[in-house]
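Several structures are given next for inspection.
Below are two complexes that have subunit A in common, paired first with subunit B and then with subunit C.
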Partner chain A sequence: MLNKVTFFSNIIFMILNNACFIIQWVIIYSLKNNVGGYSFKQILLLWGIAAGTFGVAHFFFKEAFDLSDTINTGKLDAYLIQPKNVLISSITSSVEVSCIGDMIYGWIMLFLYGFSIKNALLFLFFSITGGLIIASLAVIFGSLSFWFGRVEIVANTINNLMTTFATYPEGIFKGFVKVLFYTLLPIGFVNYIPINLLKEFSLLQFGIVVFITILFIALAFFLFYKGLKRYSSSNLMNARV
Partner chain B sequence: MAVITVDNLSKNFKVKIKEKGFKGSLKSIVKPNYKIIKAVKDISFSIEKGEMVAFIGPNGAGKSTSIKMMTGILYPDSGDINILGLNPKKDRKKLAYEIGCVFGQKEQLWTHLTPYDNFKFFGAIYDLPDSQVEKKIKEFIELFELEEFINTPVRNLSLGQRIRCEIVASLIHEPKILFLDEPTIGLDPVVKENIRVLIKRMNKEYKTTVVLTSHDVSDIEKLCKRVIIVNKGQIVLDDSMENLKYHYLNKKIVEAKMKEPVNLEDEEGITILKDKGYNLKMEVDTKKKSIADAIKLLNPDNIIDINISNIPLEQIISSIYKDGEKE
Partner chain C sequence: MRKYFYILKSECMSNLQYAFDILVGFISYCILIFIFLNLWKYIYQDPNELINGYSMNQMIWYVIVTEILWMSLGGRKLCKKICNDVKSGNIAYNINKPYNYVEYALFNHMGLVIIRFVLVGLLGLILGLLFLRMFPELTLLEGLAVLFSCLLATIINIFLVISIGLISFFIEDANPFFWVYSKMILVVGTIFPIEYFPQALQPIIKFSPIYVVSYGPAKLFVDFSFMNWVNITIAQFIYLGIAFLICHGIYYKGVKKLNVNGG
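Right after this comes the complex of A and B.
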């Protein structure tokens, strides 16, 4: 980050960018009181959680979303000669400043939804579990590069789909898409269950979210380390910037 | 005591073969063709503590692959590696505390941080206490003459300054073995010389074992007492620098400036390299013909000036590379 101006403008413009999308929902809710089973306040919360989890994932684990490139260009070498966990050091090696804006936006949405200590704690908790799931998913698809080389397109598509679908109420999706949301595109565990839980707490559902988060993290580590044995490095010239 | 032992190490790479043109691209999607490239074939050697070993070979010989396997970056297909009693395959993290690596072609430093911050960062990675890192940095600033740019972001440093910092960063945790992969690539002669002096000093002061790859023969000549030459994934020569020179230096280059032109033909033990009448350059194989005999051929009274020199090491090494190609 070169200076303060770019730092703050990045954050503020990300907040404004997110806020623009709410306008369409204001219009929709002026015509209808209920979309897909969500009230307007729940839509705000949906956006809050979507922005919060996205912010956590892309701020702390920015490089998870470029893992495919890191693998293909041999940039893992630098982490492999250090006495620390390769996966964690490589995916946390830089941060996306604009994501601070996403995280702040998430909290603004929570305040608009209704602030209470319980809601705040749950929101914080689900921002972290959701962020971890999103980052793990990126690692899982990025790790495929160990086997199939350039899989950026697949990985990027999955990552983008996660963001695109995350901002629509669950009720408007049916059948196969809904199955996807609880498997390949785990938006259900990132957004929908947490939203239900903020409305009405259930220990079982809470447990499911925790379990799934651990499962995704474990799968990410498993695949990455399985693939690492096939890592072939490269002699491309590159610099850390 | 051997600090590095490598036994029957092999590594293959699977490479997709694509035929020419668009048709070839389509074909490679439907029915891909693979070729196995044997990057490293069954190599074995061992290195003692405090040794400085040159690990050299032509491009694509398998040097970097071997070094990457020794440092735990790549998994070997077969064979055993033992570095300071550790197996890089299983104890990568433990090994990382003990070794340092500098890859001339790859930056490890963070370009937006100053060298000072970088060193602090690396200190933290290696779990060193702050006071120790401070002490080390102070020591290195003096030893490597970093005072001038210790607080300048790495992206603003010249290549020579950067490489110096790269080396320091890899030394911050006092590694027992240092792997240097072309540390002097792209540097000017003065900086190269500085780096060599530093490596030598470090080897002397800290008894650090050094494994060095380089295409610059003077790096090797000035630093290493032992040379391992790899070609096509195999070790073609593992010998001391002295032996290497001794065995290959039975050929001398004789350059003479004459009063009168001489006309010499190639004969046993003598190869004329250049004959411009008054100036003559020939290669003498001292096993077949002594230097004295060669000079007699020139008629000593006629010589204005004479220079007898060894064949440059560079030429020796490239002839070893070429012999490897023929096999």
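Right after this comes the complex of A and C.
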């Protein structure tokens, strides 16, 4: 924290930044009562989950989104010599303060949707699982740098696509895009299924979210450590204090 | 003035070297247009239906044009650069040069905007023709008038973003101000024309920068009229003056507070 004004302005402005989009949906819902199968309250919840999961991923695992650069510039050296898990220590080595604003915004949206103990617990749980899936995806694409060098553009594009699509209801899309939401861009498991579960709980769908989260984490660890064997230092002088 | 055009030219040449990087950034543009195409197709059950005076095709062209203006602006990059110049003290290297820092930043950034505008503009037009199979009715002269409006919109926008970046003189990080500015432009200015907003809000938006940096050029593109062009151009020149004064005001006030340690 550089100074208090910067710290708090980052958080408050991020909340305002997210809140601006409510205007968009107020106008859209003045034209139609139901957009893509979602009511206005469900859109608020969609924004809540999108902001919450983004916040968790970018606050706790900020460096996962720069993993490609970390690998290419040889910054991994500093983590390799420490008696800690290399992947976890490298992706959790810094935080994005403004993401606290995203997480708070997520909870504000939950309150607007309808607060109950059950909803709060599910929301908290899905913020974590969604955040883990987003961070794992970033690690998976970032790890490709071990094989293909500069793939930041691919990794960044995938991360941006996740964020852009995450705030629109699934029902407005058709065909191949929907398949993407449950494969390459797992927004379905991060946002859409959790929203269904908050509306109507189903043990099967809950189990699917848990299974997919574990699968993504496992894949991220597998690819990172498989690639790490190919890593060669760039003799970069770097100190982790 | 020649020195600023030299900066503009050299920055254009430099950015041409990175045309591929700019092209990759277009993926986000394509995705946004794709999302709005889906959204408006969902909302307009009959493509010939008019909502608030706009057909579905006009709404999609409107978004295409506003997004071209916004994406080619690269506002986040500019704001970050100005903030970093101020915070790191790098601005001291620019102050003692025989040019004004604000004008330097404007022409320097215009070098990037021109390349992006040409590339994103072409892509936007191709996407529009591909998805909609139609083009708004515009004569060559009207097309040039729209381009002139886009140029003014971009210069005003750059002055406003530089002003936001220069707030770093007073608080450490001005980027959060840019987030809110960008979201206001994006949500209120790029997605819907002013006519979509409640009657009570419309006069407020018409007096805001959104009218001159976003709505004006896009409205002219989808529904050109000479009277509209005159009104929008007058408003743009007034805003250009205001933005110029604000930007230079913040700069001269801030530069007095500048404290650089030599090294």
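Heads up, the rule we're going with is that the second predicted complex is superposed on the first by the 235 of 241 C-alpha atoms of A that agree within 3 Å, B and C clash if a C-alpha of one lies under 4 Å from a C-alpha of the other, contacts with A are read in each partner's own complex, and residues count from 1 in each chain.
Simple rule for what comes next: contacts are C-beta pairs under 8 Å (C-beta built on N, C-alpha and C of every residue); 3 or more make two chains touch, one makes a residue touch a chain.
Quick caveat: nothing in here was measured; it's all calculated off a predicted structure.
Applying the stated contact rule after C-alpha superposition, one finds that A:D77 touches subunit B and leaves subunit C untouched. Set against each other, subunit B and subunit C touch different numbers of residues in subunit A, with C touching more. Of the two partner chains placed by the overlay, only subunit C lies in contact with A:T157; subunit B stays clear of it. Applying the stated contact rule after C-alpha superposition, one finds that A:S232 touches subunit B and leaves subunit C untouched.
In the superposition on chain A, A:F165 makes contact with subunit C only, while subunit B stays out of contact range. Contacts of A:V35 after superposition: subunit C is touched, whereas subunit B is not reached.
Once the two complexes are overlaid on the shared chain, A:S202 sits clear of subunit B and of subunit C alike. Touching of subunit A by both subunit B and subunit C, each in its own complex, is seen for no residue at all.
Subunit B meets subunit A in the complex at residues 13, 64, 68, 71-75, 92-94, 96-97, 99, 101, 103, 105-112, 125-127, 155. Against subunit A, the residues of subunit C that register as touching in their complex are 21, 24, 27-28, 31-32, 35, 38-39, 42-43, 51, 171-173, 176-177, 179-180, 183-184, 186-188, 191-192, 196-197. Partner subunit C is touched in their complex by these residues of subunit A: 2-3, 5-6, 9-10, 12-14, 16-17, 20-21, 23-24, 27-28, 31-32, 35-36, 98, 153, 157, 160-161, 164-165, 168, 171-174. Residue ranges of subunit A in contact with subunit B, taken from their complex: 74, 76-78, 80-84, 228-233, 235, 237-241.
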